[in-house]
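Both complexes below contain subunit A, partnered by subunit B and then by subunit C.
Let's look at the complex of A and B:
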């Protein structure tokens, strides 16, 4: 189980996260929605210790994490993979080298399967990140995380910047991850349609706080104005 | 946590790289390919500009010395040898290091800075790859080997240029030059030049990497990091040069 207890984070005098809590079991998908700049990426980075929280606790498989303890964070990051919003491939290496980088050779056996999941062709792997499209880079960065087979995977806007077909492919990939590897996924997204299709839980963040937490059905019938705006695809002008 | 200042931070990076390098030696996990790539990029790519610059500098120094000596003493027999001593002790190590700092220092700072702002450094952490092993150690070894090699090449080129000018314009036989050279220059001078090049070859990558690793987010931050890396490395080269001179050659 992955558990966040009252996570708060302030940058300068701007409180980005205010007492955010959530629980995720393996095999579940939790979608985190919220307007741009609300702190969704910061939330994912605090889970893996890239941004230490000011207060609150992160528990992964009944173990409390300590972002200052680099040794422990190494094992935390093995259990909990993060796919960044931007692909963040090492640009001096080809895609293939990126996928193999720091990976135990035996884990490469499933490369073919994961490439199929995201529909990335093997011929592209000999190119450098700068020579392929953004979407291809993004798929490669997903495969890089899948290869490590973490128990929890945090996806930061996996479908943003992809065409509608790749979006469907990505959604199917997330389903596969949950079904086959029985991993738990947190998906940060602006794609309400995917959230309603896939999520076990939807969390809506606003001004650093969780303002809605519940099932997709209850999200659509929620009276919460921002939730309704997200469902209707409308813009909240008074925000 | 305490903030390290601009001198402490490179020193800290050096210590962790040294420990990282020794432990990778004991584990026999040397990133040979990466190190060779760095040596190639630092050394081979810098040979033309450094050879050219050192050739010109030694030509100027011979002609300038000669002019002064003729005015004062009406002869310039010892000038080529004097000039070469100056080159070995000062010009070759310092000019080489300065040129390397402006070429390689800026590129190290900018490369690491871009890796930081595009979250590649965060990605290294996620992959449990130490940035010391992957980034710092190869760049350190690359710069170190490159700087020592380039300093020796510079001295060689300065020697050739000096002999050529001596023979062509001043009428001295290469043999005479060689004899007067032996009078003034010793292995101790060459050792001093090597000590300098080892120090500068270590200083440049760590100062530059320090600026890259701590660069502010955004392209302006990367530009600033590259500029600062060159400016600070050059300044430190001059200060350390003075320091080594006072230990090595002053009575």
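Let's look at the complex of A and C:
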């Protein structure tokens, strides 16, 4: 289980996260929605210790994490993988070398399966990140994390910048991750439609606070103004 | 490599011309080989070549690591359960230090050739005469000091460029600032280290001699 207890984070005078709590079991998908700049990405980076929280606790599989303890965080990050919003591949390595970087050779056995999940062809793996499209880089970045087989995967806006077909492929990939690997996923996104299709739980953040937490059904019927605005936006887009 | 070779040849030539100007007044041009080689190997050669390497290798590494830092490449490595210090920074630091040291030693060697070439072509000093006076002025200690400085400058270039690049946060502007900081800190550190090594070696020599 991954559990956040009252996480708060301030940058200067600006409170980015205010007492955010959530619980995620393996096999569940939690979508974190919210407008730009409300602290969604900071929340993910806090979980893996890239940005230490000011107060609150992160528990992963009954172990409290300590962002100051780099040795422990290495082990935490093996359990909890983060797929960045930007692909963050190493420029000087080919896609194949990026996937193999620091990976135990036996874990490469599942490469074919994960490439199929994101619909990335093997021929492209010999290219450098600068030689392929943003979408291909993003797919490679997802596969890089999947190959580590973490118990929890944190996706930071996985469908941003992708065409509608790639968005569906990404959504199917997240389903596969949960179904076959039984991992838990936290997905930070603006994509309400994907959230309603995939999520076990939706969390809506505004000004660093959780203003809604519940199932997709209750999100769509919520009277909370921002939740309604998100759902109406989706309806408008659909039409 | 090309930069270092060109720099080495020209540094040797420049010093030979400058020292020749002084020696000519005293009719002591026969000592040109010894004096210019000694000055080049002990002091100015390592410093000038290190400056060029700092501008080329140090700035490049700092910019590359800075870009990796601001585009989350280093964070991505952390999120793979790896430590960027051990898988990216340390190998780069060792490689930079060793390559800078080797390039500096190569450059130092070429300064001697630069001196010989300019002396024979322009200053009308016989190359054999130039070379024959080198052992009189260039002792093992002089060579050791040149090599020691090259080693220390290699460490300085590698360490500062890696450290400053690794610490970069923010955006493209910060990468520019990191490169500038790398250049300034490296150049000042090279000058100060050059002075300290010269001062310490000179003090030890004085003590031993008397």
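Here is the rule we use: the second predicted complex is superposed on the first by the 233 of 239 C-alpha atoms of A that agree within 3 Å, B and C clash if a C-alpha of one lies under 4 Å from a C-alpha of the other, contacts with A are read in each partner's own complex, and residues count from 1 in each chain.
In this text, a residue touches a chain if its C-beta (ideal position, glycine included) is under 8 Å from a C-beta of that chain, and two chains touch if they have at least 3 such contacts.
Fair warning: this is a prediction, and the values are worked out from it, not measured in the lab.
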Superposed partners subunit B and subunit C on subunit A - clash or fit: clash
Touching partner for A:228 - first (subunit B), second (subunit C), both, neither: neither
First (subunit B), second (subunit C), both or neither touched by A:190: neither
First (subunit B), second (subunit C), both or neither touched by A:91: both
Partner touching more residues of subunit A, whether subunit B or subunit C: C
First, second, both or neither for A:5, with subunit B first and subunit C second: neither
Which of subunit B and subunit C A:50 touches, first, second, both or neither: both
Subunit A residues contacted in one complex by subunit B, in the other by subunit C: 45, 48, 50, 73-74, 77-78, 81-82, 84, 86, 88-91, 101-102
Subunit B - residues contacting subunit A, complex: 115, 118-120, 122-129
Touch list for subunit C against partner subunit A, complex: 67-68, 71-73, 75-83, 87
Residue ranges of subunit A in contact with subunit C within the complex: 45, 48, 50, 70, 73-75, 77-78, 81-82, 84, 86, 88-91, 101-103, 141, 144-145, 148
List of subunit A residues in touch with subunit B within their complex: 45, 48, 50, 73-74, 77-78, 81-82, 84, 86, 88-91, 101-102
